[in-house]
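Just below sit the structures, each encoded as structure tokens.
Each of the next two complexes has subunit A plus one more chain, namely subunit B in the first and subunit C in the second.
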Partner chain A sequence: MTPPDAVAIEPLVPDRATAVGPSRPRPPARGPLATSRKYYKIFRVSLVERMTYRGDFLLGTLLRFLPMVTTILLWRAVYIGSGSTDLAGFRYREMVAYLLLTHISRMFSSMPNLASGIARDIREGTLKRYLIQPIDMIGYLLSYRVAHKAAYIATSIIPYGLLFFACRSFFDGLPGPATLAAYAASLVLSFLVGFFFEASVGMVGFWFLEVTSLLYIVMTLNYFISGQMLPLDLLPTPWSGLLKALPFQYLAYFPAVVFLGKVRGTDLVHGLLGALFWAVFFLLLARGLYRVGLRRYSAYGG
Partner chain B sequence: MAMIEAEGLTKTYHVFQKKEGLLGALRGLYRREFKEIKAVDHVSFSIDAGEMVAFLGPNGAGKTTTLKMLSGLIYPTAGSARVLGFTPWRRDDAFRRRFALVMGQKNQLWWDLPAADSFQLHREIYSLPAADFQKTLDELTELLGVERLTRQAVRELSLGERMKMELIAALLHNPRLLLLDEPTIGLDVVAQVAIQKCLRDYHARRGVTMLLTSHYMRDVEALCSRVLVITQGKLVYDGPLSGIVERFGQSKVIRLEFAEGQVPDDLGRFGEVVRRNGPSADLKVGRARVAEALGAILDRHAVADVVVQDPPLEQMIARVFEEGRASHDAA
Partner chain C sequence: MSRLARYFRLLGSLARYTLGREMAFRSNFLVRVSVEVLWLGILIAFYRTVFARTRSIAGWPEEHYFFFVGCFFALNGLIETFFLDNCNEFAELVRTGDLDFLLLKPIDEQFLISFRRIDFGTAPNVLMGAVLMAVALVRMGWHFDPVRVGVFLVTFACGTAIAYSFMLLLTSLSVWMVRNQSLMEMWWLFSSLARYPREVFQGVAWAEPLGRLFTFVLPILLVVNVPAGAMVRVLDPGMVAFTLAATAALLWASRRFFQRALRSYRSASS
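Now for the complex of A and B:
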């Protein structure tokens, strides 16, 4: 079979050549035959492009879970080695379920290119359009991100569904409706905390032209302190308490333990309120930094 | 009614002076030296509703900085401005709904999407009623002759077509003031003329106030009856385009064609010979001495044809720029 991109590139080139330049006369590609051929080409290109993206997406999702196989084996070895069936309240099956669930959390809370995009807008001056048009930058970025996430989540339902179906033996079925509702709320809050946190990081671009290294540090640290690597309960006492007081647990750890039914009653309410607090905190921080930064930008740059 | 009123607008930038080489860079880590640059220096002018005004000046003269202050992107260091009755850098939504800024070097449209999608986004941003939006859009695409291109990805359009799309996007909300920064930069002559025509037609139809900066004298000649000349941050001329000729064009060019078949050798006596080609020659003569020189030449030689011209506007503008620089250096 021909690789999809080889097919995609070919019809694109002549199309573009005829489209460029008002001075160049269009070739007389008229008549029903030419028109239908053109639309067939467009149809084929769009279809192949869609398929290429789908393929890439499916493959990407599967590859992201490939390390999970090693992780599952590693944790099995840990549980066998420790000789106990329970580590910090997590049984072996729960541990694997937890790690799978953090992927769902990150589907909501990760914000690829948000901070770096803001910093780039500041550096390259594309920030202007938010200043000239009657539009609020953070509001615009938020709605853009919601749309982006909705499309992403809608397209991931199939691969994720398959994966969770394959891994169903690690779960004790679906939790009750109350827990599910709390889980949904925790995911929405993880999105908001993630969004406003990264937006705040991006605003640093008003003071430093380059934020790549800062972002790298934040992302690396985040992997550990948000609980993506292991449940925060596994850490020794001062550390687990400290990390649970930080906002990052809401990006991965918290929704996962809500789903597993490890947080209940008042703890659950406190947790959700905590997430809400941090979402509002970073919202205000991002707004404040934007305001101060804009004043600086307007005074020095532009 | 005054659309724009600028009073003593001044913008000073602090520019970090970087020393050469590694040692200089290291020194810069703990001690930074700044240089003050006055990008705009006490500029005052007033523009009435419906006027079409050109902002002329060499690179770095302060044109764009002034436009940025008038559109509210940056604060002035000193001075004040009222644009459409608002202080621009307060960025009131009411103000932002009434003006548009088009920068020839920056595009606002989504690169990978058809312009139509960007237009829809603009409709949302400015919350325009669907019927009004469609009416304006149809009118603009017809005016610019791009009805068939709005569904094509922007990156596939030519530079001229892209600029037209940018203009449409900027005009969708019917701004009362249009600020244009180098709208024809990088365009070929055909596209330049097309953009000029669009702006002129749009101005005639809507009576919108326009302030544009440009390097191309053709843009200015085609569009604006009034020019502001700025060099070294200072406003050195404000008046009609023809006034520049009177004020700065101190000489005229006499184009002569001699019946004798060759240019006489003594032509240099009457003025500066700037061109010599077979039987014809260009003679540069001070404005006041044109009649006298012409009389003398006609007395002595058989002249087949004669034309008296002003030197090209570009040259005069260049003179204005140079004078501005010289007086600045002397100060």
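Now for the complex of A and C:
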């Protein structure tokens, strides 16, 4: 359910981004401006690379609508079968709106190939390019990811716009500006939680050679516990509370319920702070694991 | 006949070879199987949650519905075991030009590309689906009926063949698109049509034509619906006959399309 993303692209970019001149070697420029220029160039090159294979991308986007159609029909049948208009506080229209909105959440929070890429860099020894070049691995990966997300979201605006237009009857128009602002914040936070969480999982590769299997388990579980299949409120009591205490709800469930106006006032503030907490938590975890892991790292490969 | 026997022998050798490879990494195999168990657990949790709030979905009561889910899981397991990995690799073979080596082999190209690697990691899914189906049958108090079992087995095979044909059609596209790395994902998206009962399309003005399209023109809805329906709902001979005809037509069409695609293949590298 994740967007098609690049599989194995050797980032030649750091070389180009940091080279200053062909003849006279100069010490690389320093300071915040030079740093941001460096990461901006990574962003641009990644963007160009992302737009190369468009046919694949278009077919994928077209097919992506099919599960939404069947999901809408399934839930319609569920509501008819139950004979009630309200399931755990969700009316039929809200349920469909919720499930559509989780796709927007996942547009921001899904990180295909991030953890497996880090683990591969560690296993094959290619990680050392981050050690010998004046570039921070997590910073590089973050710029790269932001570019891919930007390209993905920009190219998805038309198909998703059409979809949401076709499904506009499931929504009660746009929420107020305050809710919209909170929604935007929750999406940015869902990106950050998703990024740093997966980066942390990838860092496990310092200790285990093979993390793809771990990753499969995490991704499979995540599909359910982040609320992509149904709103967490529908689950029986101990479970819904438990899952809402975990960071995974911020990857899909939380932004969607924010948009629907189901979380308001102090709950909303608490929710956003919770997302921020988990983003910082995983940022520190990823950094910590990286630093400790580097001591074990033995730079295999030529 | 000896030709057919030769292909069966080849299939046996390929299966032995891939099983040997798989067993070289036993813990990886176990993890992969546990992912599948986890996924089935998630599906069951999802439908238990839904059925805690409704008595039936589109006319399928809980036990009948779980039979449907088991049927889908088993059939999908069969597809993933035999075809998904192979078809998924096809785009890469085209891109790198390694397809040349397969085309040079003195056997049918479609056979080799479809069955090259058997993925034993998803083979237990067939068993898990069967267990789920059996549990559902016991819980609904199903009476043994050999006709239904026979029809179920035949239409189950037809469903697998239909799904395979669609996958082959999608795979063949990568000859022109070169990068078709998301076939796995595209398959997941396309097969989502087969995941729910056909009846969910009924009673909605905009969905009924879609339901008919995916039943009679692109018959992906037949894949699980017909075998599951034949077993636990009314046995509809017309639908079964149509499924048989559709299977034959699709197998033929997908083979033609695949060969057409191969003719457009322009190798790569030197």
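Note that the second predicted complex is superposed on the first by the 242 of 302 C-alpha atoms of A that agree within 3 Å, B and C clash if a C-alpha of one lies under 4 Å from a C-alpha of the other, contacts with A are read in each partner's own complex, and residues count from 1 in each chain.
Throughout what follows, contacts are C-beta pairs under 8 Å (C-beta built on N, C-alpha and C of every residue); 3 or more make two chains touch, one makes a residue touch a chain.
Just so you know, these numbers come straight off a predicted model, no measurement behind them.
> For A:V78, select first, second, both or neither according to whether it touches subunit B, subunit C, the two together, or no partner.
second
> Considering only touches as defined above, state whether A:L87 meets subunit B (first), subunit C (second), both or neither.
It touches subunit C, and subunit B stays clear.
> Which partner does A:Y223 reach: the first (subunit B), the second (subunit C), both, or neither?
second
> Which partner does A:P236 reach: the first (subunit B), the second (subunit C), both, or neither?
A:P236 sits against subunit C, while subunit B stays out of touch.
> More residues of subunit A are touched by which partner: subunit B or subunit C?
C
> Quick check for you: in the superposed arrangement, does A:L66 touch first (subunit B), second (subunit C), both or neither?
Second partner only.
> Under the stated touch criterion, which partner chain does A:E210 make contact with: subunit B (first), subunit C (second), both, or neither?
A:E210 contacts subunit C only, not subunit B.
> Using the superposition on A, tell me which residues of subunit A are in contact with subunit B and, in the other complex, with subunit C.
Comparing the two interfaces on subunit A, one with subunit B and one with subunit C, no residues are shared.
> Flag every residue of subunit C that touches subunit A in the complex, lowest number first.
Contacts found on subunit C: 28, 31-32, 34-35, 38-39, 42, 45-46, 49-50, 52-58, 173, 176-182, 185-186, 188-190, 192-193, 195-196, 199-201, 204, 207, 210.
> Which residues of subunit A touch subunit C once you look at their complex with the stated criterion?
Those in contact with subunit C are residues 1-2, 4, 7, 53, 55-56, 59-60, 63-64, 66-67, 69-70, 73-74, 76-84, 87-88, 210, 213-214, 216-217, 220-221, 223-224, 229-230, 234-236.
> Quick one: in the complex, what on subunit B touches subunit A?
Interface residues on the subunit B side: 13-14, 65, 68, 71-75, 89, 91, 93, 96-97, 100-101, 103, 106, 108, 122, 125-126, 152, 156-158, 160-161, 188, 190-191, 194.
> Which part of subunit A faces subunit B closely enough to touch in the complex?
Those residues of subunit A that touch subunit B are 16, 19-23, 125-126, 128-129, 131-135, 297-302.
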